[in-house]
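As written, the chains take the letters A, B, C and D, and residue 1 is the first residue of each chain.
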Amino acid sequence: MSDGEVLHADHVLDYPYSRSVGPVIGAFLTGLRDGKILGATGAGGSVIVPPTEYDPITGDDVGELVEVGPGGVVETWSWVSEPLRNHPLDHPFAFALIRLDGAGTSMLHVVDAGAPEALSTGARVVPRWKSETERVGHVLDIEAFVPETGAA
Amino acid sequence: MSPAASRRPVAIASFAQSQNVRRDQERNEVEGLMPVIAEVFANIGITKNDIDFICSGSTDYLIGGPFSFVAALDAVGVWPPRSESHVEMDGAFALYEAWVRLQEGDIDAALVYSFGRSSLGDLNEILALQLDPYYLAPLWPDPVSVAALQARALIDSGRATESDLAGVAARNRKSALSNPKAQVAYDRSVDELLSEEYAVAPLRKHALPPITDGAAAIVLAAGDKAQQWTDHPAWITGIDHRIETHALGARDLTRSPSTTKAAEMAGVGDGPVDVAELHAPYAHQELILAEAMGLGDGVSINPSGGALAANPLMSAGLIRIGEAAARISSGSAHRAVAHATSGPCLQQNLVCVLEGE
Amino acid sequence: MADASKSPQADDRGPVTTLATPIHLDYSFTPGIAQSRNLRGLAEGKFIGQRCSVCGKVYVPSRGSCPTDGVPCTEDIVLPNTGTITTFCVVNVPFAGQSIEIPYTCAQVLLDGANISFMGLIQEVLADEVHMGQRVEAVWVEPEDLTPSMASVKYFRPTGEQDAEYETYKDYL
Amino acid sequence: MSERCAVIGVGQTKHKAKRDDISIAGLVREAAKRALEDAQLTWSDIDAVVVGKAPDMFEGAMMPELYLAPALGAVGKPMFRVHTAGSVGGSTTLVAAHLITAGIHKRVLAVAYEKQSDSDAMWALSVPQPFAAPLLAGAGGYFAPHIRAYMRRSGAPDHIGCMVAVKDRLNAVKNPYAHLHLPDIDLKTVQDSVMLWDPLHYLEACPSSDGAAAIILSAEDGVTDGAFPPAWVHGMAMRSEPTMFAGRDQVNPQAGQDCAADVFAQAGITNPRAEIDMAEVYVPFSWYEPMWLENLGFAEQGDGWKLTESGATALDGDIPWNASGGVLSSNPIGASGMLRFLEAAMQVRGQAGEHQVDGARRALGQAYGGGSQFFAMWVVSSDKP
């Protein structure tokens, strides 16, 4: 309770949402858990990554799932020098749109490059996976992408 | 032929907005809205009883509780009962619904309002919830980082430089010096702005919108009623909105085809444009929008300072329409374009063309 | 591009069917100018209502405006502890956030001098003896436990007065 | 000035407590694709999409129409999002219909949904806020006192609510999409069920469902040769009043009366009981049937319960209400109002299957929300206006 005339208080909106994912997102997440990245065949044969039940432009049902990547190219990126509390990494990193090998769309993820000088548009990156036992079927089963030259 | 040619004439008869501030500590939503609604009526000497339809725009996530629009309705006093609707969108879209409703000829006047205090929560987290809940939101991409992806793509395309972004910011903030409702206004050189640190590279602090608490209201009136209520109605000669895919990785982020399409449907190119109020929260987005609408060098863009001067979420788009209408009503412009956006990287865009008598 | 034969095989954990996405957002909250006056009253053990300058109706609390006239209610009025049950229900269902043992009675209470009822807990009476028109009074928590919240009102209990006539409260149902 | 507007396609999901087989996009697409199929159209035949749902906190996705745009074939089109509390499914339909009647578009897809099982409805409907009164009664506790007030006012006997609960659940058995299928329900089962919020029994309250509904609205020149004839819109109205104000009648809200008067006037109806063949009305708690019978003018004040008691509102009565099983049998909150509008259209198109009301030519769809303060209604008919 404050001293002034008008009251103030902290308010928290907190809920542990649990989402059913359906067949396509489910297959993608299952793939991540198994250490592979799947895309869906969309209109005109282009592969959508990450896959949705529908083509992102036409809305038509997608076709079969195919494996893509695991490496890809950074199409654009932003450099987060001061990570926020919910960000996937606690040290400076990049959000990036990454076009995985074989994909027709690019996927938003994070790149752990150390410093912005180590990253550029067009750079090749590869996933750094969580260990098999830590993977649960979540986009962050890929801990981050890293510059290909820095990959182990 | 403009698709809008056969529409019933509807005008913005009155516009009001609150002072745009970083934090409104004292008032709840109703208390913030009441003076704005009182003013929008008083401007033209009408009361709530003159209004046939009400539509508002807001989002529950700003206050962190469901049904925030329900309590806000108490600022109007909807008794006896009224025909009333609400969109979980910027007030500009509420205005669109009201404009559609006025097309049928059975009613003549509508009140449109929007409200929200962006200061109550952390927008970096709240706006992450606008993204795909399975693939994107779990990464908690903050809106600045998402906009920065678009900025870099634009710079990489060779169609803009960091200096161009600073130029947009400098011009908007300088224009804001003559806007008494603005929150951020200054006169600084491009070089000075370019010496700022990056917020999220390639965006520096000047390219970002402020966090703003505010509310806005507009009275729409059709035909004779508009003439009766004001000597200077701003007629809506065209209005349209379009959305793009949500998948950022399936878009060319450097273009805004939804804006181009909406502008075409609204008839932007059917005559010379004097003024454009563009809802571009991030500096680079103004460049994308101006190009998408084909606005030439002669167009005065954002004389109010735009969203870079004040960005009350859910109202910033409606305010663009109000500001453009104000230029028409004051006689400083004959034909104006207003624009509102929603979603990451200009996913959804509304374009409205306004003309004087 | 990989061929389809490399499609995932479900491992022994089975395919992924759900995704946990916890959301935690922190806000600052203010009830606003008018409601703060009411809440400060509750912290002092009294009901403060607000009268609309247009229609003269007394709201307790005012949420900032008179909801029918759309103007601020600026005149504060201290209301008594007593009122009438306009209607009620008996709660037999457990739900999240519930703090009282079921079953219990909740009633709309119209304070004397107010023009709007609010929901209150009814105690010190058997559930099947609660009825419409019953006269009740507020029982406040101990002074050291008073807070700017309706939680300061421990509950309402019957005063034993004669029931209010239906006519006196039928317009508040 | 208004253009004619017709329903040319409808679709809904199987409603369930938990649609754990599907994503949010998958849920809305299930309904929308069925509507397209019904109208024999594809995504590209649709000019604009209007989405409605109740609070975003149900799914923890802010303004989810942004994410859903490609899932609903809306890329490059106008997309709109309505939120008017529990009436939202109805008002979403009306916003979409006005895009037709105002002459803006030829064909509009309206979609409403709720995927409540991603969170918990009780939590999302009443997120605790600082300084707020302690949560005393829960959702039904808000409405139960008004039900008691109705009983006092009308002198209705206790069993009326239970009768509605039985009637709607038996109707739902004939509706393959309904959430609750309780073929063995009878008066005694309802009366013996737990008294949740006295005077309301457990079986007199609506379930919490996942589900979606979709309606395709068309101008006259966009009407397709589908398997069923179009349902023509003869009237539509919305009304709102404040949540709480001095002297507010929460049993028979003025906004509901005004909304009904408006929609019937547009449709040229002076005696709804005689001139309407069936109604789909938002009845989340059993007693709201007799209350709304009076509010909508199907019965005189105090007489609504007599209509229910006489069997007039049963499937074989003279004015069947909620032949689909209604909100008491399926309640995906954001979609519940649209389902009323959709079922009314299905009846006059003759596509309601086992729960078809014989010879239904004119039907009312009604939705309400908030604390009985937001109302949306339409009248549809097999006859062109």
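To be clear about the criterion, contacts are C-beta pairs under 8 Å (C-beta built on N, C-alpha and C of every residue); 3 or more make two chains touch, one makes a residue touch a chain.
Treat the numbers as computed from the prediction; the structure is a model and nothing was measured.
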item	value
Set of chains whose contacts include both chain C and chain A	B, D
Remotest chain, chain B as reference, centres from CA atoms	C
Centroid spacing, where centroids are CA-atom means, of chain A and chain D in whole angstrom	38
CA centroid of chain A to CA centroid of chain B, Å	30
Centroid distance [mean C-alpha coordinates] between chain D and chain C, Å	28
Cα-centroid distance, chain B relative to chain C, in whole angstrom	36
Set of chain B residues in contact with two or more other chains	25-26, 61, 64-65, 71, 73-74, 77-79, 125-126, 129, 133-134, 137-138, 245-247
In chain D, residues with contacts to at least two other chains	20, 23-24, 57, 59-60, 70, 74-75, 120, 123-124, 126-127, 129-131, 242-243, 245
Chain A, residues touching no fewer than two other chains	5-11, 13, 15, 17-21, 25, 52, 56-57, 138
List of chain A residues in touch with chain C within their complex	1, 5-21, 25-27, 29-31, 33-34, 36, 38, 47, 64-68, 101-102, 136-138
Of all residues in chain A, those that touch chain B in their complex	5-6, 8, 11, 13, 17, 19, 21, 25, 48-50, 52, 56-57, 75-81, 84, 86-88, 95-97, 99, 105-110, 116, 121, 138-140
In the complex, chain C residues that touch chain D	17-18, 21, 23, 29, 31, 35, 39, 55, 57-59, 66-68, 86-93, 95-100, 103, 106-108, 115-116, 118-121, 127, 132, 148-151, 166, 170-173
Residues of chain D defined as touching chain B within the complex	1-2, 23-24, 54-57, 59-70, 74-85, 91, 95, 98-99, 101-104, 124-127, 129, 237-243, 245, 253-255, 258-259, 370, 373-374
Residue numbers on chain B that touch chain A, as the complex places them	25-26, 64-65, 124-125, 128, 133-136, 138-142, 144-153, 156, 198, 200-203, 245-250, 253
